[in-house]
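Quick one: the structure is below, questions incoming.
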Amino acid sequence: MKKNLVAIVMGSGSDRPIMEEAEKVLKNFNIPFEVKVTSAHRTPEQTMEYAKTLEERGIRVAIAGAGAAAHLAGAVAAWTTLPVIGVPIDSSPLKGLDSLLSTVQMPGGIPVASMAIGKAGAKNAALFAAAILALSDPEINKKLKEYRDEMKKAV
Amino acid sequence: MKKNLVAIVMGSGSDRPIMEEAEKVLKNFNIPFEVKVTSAHRTPEQTMEYAKTLEERGIRVAIAGAGAAAHLAGAVAAWTTLPVIGVPIDSSPLKGLDSLLSTVQMPGGIPVASMAIGKAGAKNAALFAAAILALSDPEINKKLKEYRDEMKKAV
Amino acid sequence: MKKNLVAIVMGSGSDRPIMEEAEKVLKNFNIPFEVKVTSAHRTPEQTMEYAKTLEERGIRVAIAGAGAAAHLAGAVAAWTTLPVIGVPIDSSPLKGLDSLLSTVQMPGGIPVASMAIGKAGAKNAALFAAAILALSDPEINKKLKEYRDEMKKAV
Amino acid sequence: MKKNLVAIVMGSGSDRPIMEEAEKVLKNFNIPFEVKVTSAHRTPEQTMEYAKTLEERGIRVAIAGAGAAAHLAGAVAAWTTLPVIGVPIDSSPLKGLDSLLSTVQMPGGIPVASMAIGKAGAKNAALFAAAILALSDPEINKKLKEYRDEMKKAV
Amino acid sequence: MKKNLVAIVMGSGSDRPIMEEAEKVLKNFNIPFEVKVTSAHRTPEQTMEYAKTLEERGIRVAIAGAGAAAHLAGAVAAWTTLPVIGVPIDSSPLKGLDSLLSTVQMPGGIPVASMAIGKAGAKNAALFAAAILALSDPEINKKLKEYRDEMKKAV
Amino acid sequence: MKKNLVAIVMGSGSDRPIMEEAEKVLKNFNIPFEVKVTSAHRTPEQTMEYAKTLEERGIRVAIAGAGAAAHLAGAVAAWTTLPVIGVPIDSSPLKGLDSLLSTVQMPGGIPVASMAIGKAGAKNAALFAAAILALSDPEINKKLKEYRDEMKKAV
Amino acid sequence: MKKNLVAIVMGSGSDRPIMEEAEKVLKNFNIPFEVKVTSAHRTPEQTMEYAKTLEERGIRVAIAGAGAAAHLAGAVAAWTTLPVIGVPIDSSPLKGLDSLLSTVQMPGGIPVASMAIGKAGAKNAALFAAAILALSDPEINKKLKEYRDEMKKAV
Amino acid sequence: MKKNLVAIVMGSGSDRPIMEEAEKVLKNFNIPFEVKVTSAHRTPEQTMEYAKTLEERGIRVAIAGAGAAAHLAGAVAAWTTLPVIGVPIDSSPLKGLDSLLSTVQMPGGIPVASMAIGKAGAKNAALFAAAILALSDPEINKKLKEYRDEMKKAV
């Protein structure tokens, strides 16, 4: 069995329908991944433990989705030097403007790579993780190029 | 020597000129306080340790000021059940809209009490801390009422 | 019969479904509270009378929810030195951006502690009130810590 | 000596340079007016007394300028049935978006007539007051039409 | 038969359900009014003719409702010196932020009195018109005060 | 002497430093143009007359720049069927968000072609006018292509 | 058979229901047009080829509709000197604010003429294309004036 | 001489003072990089050629900074499957809200990893590139951890 390379983290089980867009892409690319529900605010200890052990367990990229004052991606990034991709989720009345700014406006020193709000962002988070992994995995690199070609045909 | 009752936390030393508005009010009220620079993202361990020990050290209210994707107040609130007051600071090009939404839009379960952006918010954070402490300290309560009276005369 | 410690105020009966999130939490914590519908604009006299007598009646924290140009929390805070927590409600076409800014951007001198827009904010307002009361009530403090533990398990 | 017909109210003395634009227009139109500094939040009693006695003193239109969570116009409107004109002032980092929404988004029942943010709004508030007074004062009506003609020549 | 005192103008027949809130109030106050659909952009000649003759026909206040780049109130105000009240309508994807800014941000010289976005604004436009008319009509003034009293009872 | 092909209209003389960016481009392209200061609100008659006679005088494209509730482009478009290009100017505290939405959010039926806020928009308005004129003027078309080539070299 | 004069381009087939508003107008005006689905991001080569050959194939105006980070109009404008009209589509949670800013805020040098967000914008894009073509086609010019007259009757 | 691993691309030479923050970090990490000024709109051919050949030349991560309707990162991402990091620059009157939304709101299929607006974002773009490279370069990984440690000491 292959080790998980990507961790998909989300602040609440209710974020799953959005984050499943990322799961679909990773399955499509045969990239082993794990899914974890942990909150930056309600379970900070668990989030810390989870984030701190990502690298030693072989995870190479973390994807974190959260809504409102979306701190999850930043919290994960604070505890690991792995690349962390943030997905702002539009679960509050402000329609994702809050989660986008909370995710993307990270202060200098601790980067989070923000994707678009909602499903498009979740999908692209997985594609971006694939692009990172493709740098050292010719198989994924090949699939990424095939994916682009299929997309072109689909348009 | 009296124990510190209020902790003023900020993400960066450059936030000090804003947060000094809070310090001035607390001094004015003779409320002992401490000032700590610690970042939710750059020094998460220190922030965690600091927040977790606030209550046992006798601190009763925490004030946290930060800019951009301002997670500091939320991060402190995640590690303590003390009342945490957030001050959004306008240190990014978005003029505090980002820090306001990152501070105030906390998900259900972990409250942060957000004040206004910038100096007015820092000042009010200290006044709000005083209002909390006044509930069990007649001296502060009296000063709070005198402060209001002086403000009326000043207008 | 125990005295009410928290007052939940709202500008209109139609805000009740949002503010009930606060009521549920207070019931859960066995914190006696009262609910009052009074408008900063339509019944200013009643709002003034109500706010001015809160402290003498033993209320320790006021929670005020309102939509649009949400002045209620500020109006209550103008008439009392008790801690006032504001809940911006998304009842206008601007989806709560108006009520958030009207609640949180208080000028220096009269603080209002703003929570998030809508139900999450109403829930957190009650939790924040509990955190304030917990400072002098070990029973509530214990419950607050249990609440956090349960929340952790629920995530 | 003629009775004052217009009351210019502002939340703080620092708003004066903006509100002077209204004063200039009223002087130009020979409309007697008074200027009052009173805060909805810091001096609510004074604001209430002032607003409640406007009508009996012969004032016909109130102009209220305030910044941030600008409640002054709404607070005046709550205590009088006279027409109240609001001028949002850009004194916070949000550049008047906060004061505009706090002024204009009044709930159904208590109208405030909002003008533009800042100096243009203060000037127009006085012109709008003149337009109201012109309905029963042919002199002002004539001046209003002359003002327009001069403006046309100036463009 | 009494002359119409208020003109309710709207940019499109589809704005009627919003503007009916104004009609209801005026009926309630027995203020005779007329309703006109005319567009600042599609029928500028008709809008000009209509606005230019308002005063001579005895109209004393104009209420103009429009959505998107809502120029109608400003266009009417350009052709008359009567008081013009604007109602921003949320008929575009931007939910009234566009119509609000297009209505309220009038340049110095030509005032428009902006109300809140949507139904609350339409209702308040009529109440504000009533407040203007009440200055010279004791009957309307009395009704305005009764209306406030009933509102207080309703809260 | 060649007839003017482009009309540059602006709401106020103070908009000139922005609109000069358009003048520079037209001079560079040897496209004869005229400059007119006229306000949609303060001089509606002049604006109407000017707009109505544009076509018969041989003007082929109108460029209209205005700030705040920027109605000028829409007002010109209401009186002519010529292509009208709008330039939102950032002359209010809202930094052009108001003028952009007032210019671009035109209702179906009367188009205005909006450019970017400020100087970039004024420059592009002239380039867009040139692109329109180039459709029937090979000389301008050639210059347009040369302009692009020079721009490439400059980058 | 007449050559196509207008090209309607859209980033995705799902944008068709919006862009059909443009098609209806062009049919109404008997202006021959073509419809192309091509994405600035997913099929950049096809977009480039399509844009580069527009002029030589006789197309005179391009209309490009896209949502979210709407780059299509700008991408087409980068490859052709023909007039390019952009239609921001509200297909993301931000309701078109993102597509509007991505379309309209073009840097100096490469203009895109932005219309309103959504259906009103698509309709106006076609009317604006007609206004451009009308400059050298008396038949379209006549129809444009008739269209305005019918619109007036319809209001 | 080592091959360049990172490409820093910017839309204009005037973006250099912002993007230099990225250069400083890469120098600090001894990561060889190149700097290229090329515009998505003004030099699309050059941008295409540059982006298409990044991978074959050994570049592993591209960083693209641009202002206003910031299409550069998306344009580069359209032509390569390498990870592309976007830096929104606040060079327009909208203070980076436009460049942020144009950069981050990419449609599903072509990801861009957006950083914060301005200098903090440029710095973090380089740190994020380092985090990607660290996955297969223990030297960079070690430096990244040292950098974090130094940052902790600096706070």
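Points worth noting:
Order of writing sets the chain letters: A, B, C, D, E, F, G and H. Residues in each chain are counted from 1.
Going forward, contacts are C-beta pairs under 8 Å (C-beta built on N, C-alpha and C of every residue); 3 or more make two chains touch, one makes a residue touch a chain.
What you see is a predicted model; the values in this text were computed from it and never measured.
Common partners of chain B and chain C, by the touch rule above, are A, D. Common neighbours of chain D and chain G under the contact rule above are E, F. Note on B-C: across the candidates A-B, F-H or A-H, the interface recurring with over half of the contact pairs conserved by residue number is A-H. Of all residue numbers seen at the chain F-chain H contact, under half occur in both copies; the interface is built from largely non-matching residues.
Taking each chain's centre as the average of its CA atoms, chain B and chain D sit 35 Å apart. The mean-CA centres of chain F and chain G are about 19 angstrom from one another, to the nearest whole unit. Between chain C and chain D the centroid-to-centroid distance comes to 32 Å (mean Cα coordinates, whole Å). The set of chain D residues touching two or more other chains comprises 12, 39, 42, 68-69, 92, 94-95, 97, 104-107, 109-110, 116-117, 120, 148, 151. Of all possible chain pairs, the ones that touch are A-B, A-C, A-G, A-H, B-C, B-D, B-H, C-D, C-E, D-E, D-F, E-F, E-G, F-G, F-H, G-H. Interface of chain D with chain C (complex): residues 11-12, 39-42, 44, 48, 67-69, 71, 74-75, 77-79, 92, 94, 97-99, 101-107, 109-110.
Interface residues of chain G facing chain A in the complex, by the touch rule stated above, are 12, 37-39, 42-43, 46, 68-69, 92-95. Taken in their complex, chain A has these residues touching chain H: 21, 60, 81-83, 85, 100, 104-117, 119-120, 123-125, 127-128, 131-132, 134-136, 141, 144-145, 148, 151.
Those residues of chain E lying in contact with chain C across their complex are 90, 95-97, 116-118, 120, 148, 151-152, 155.
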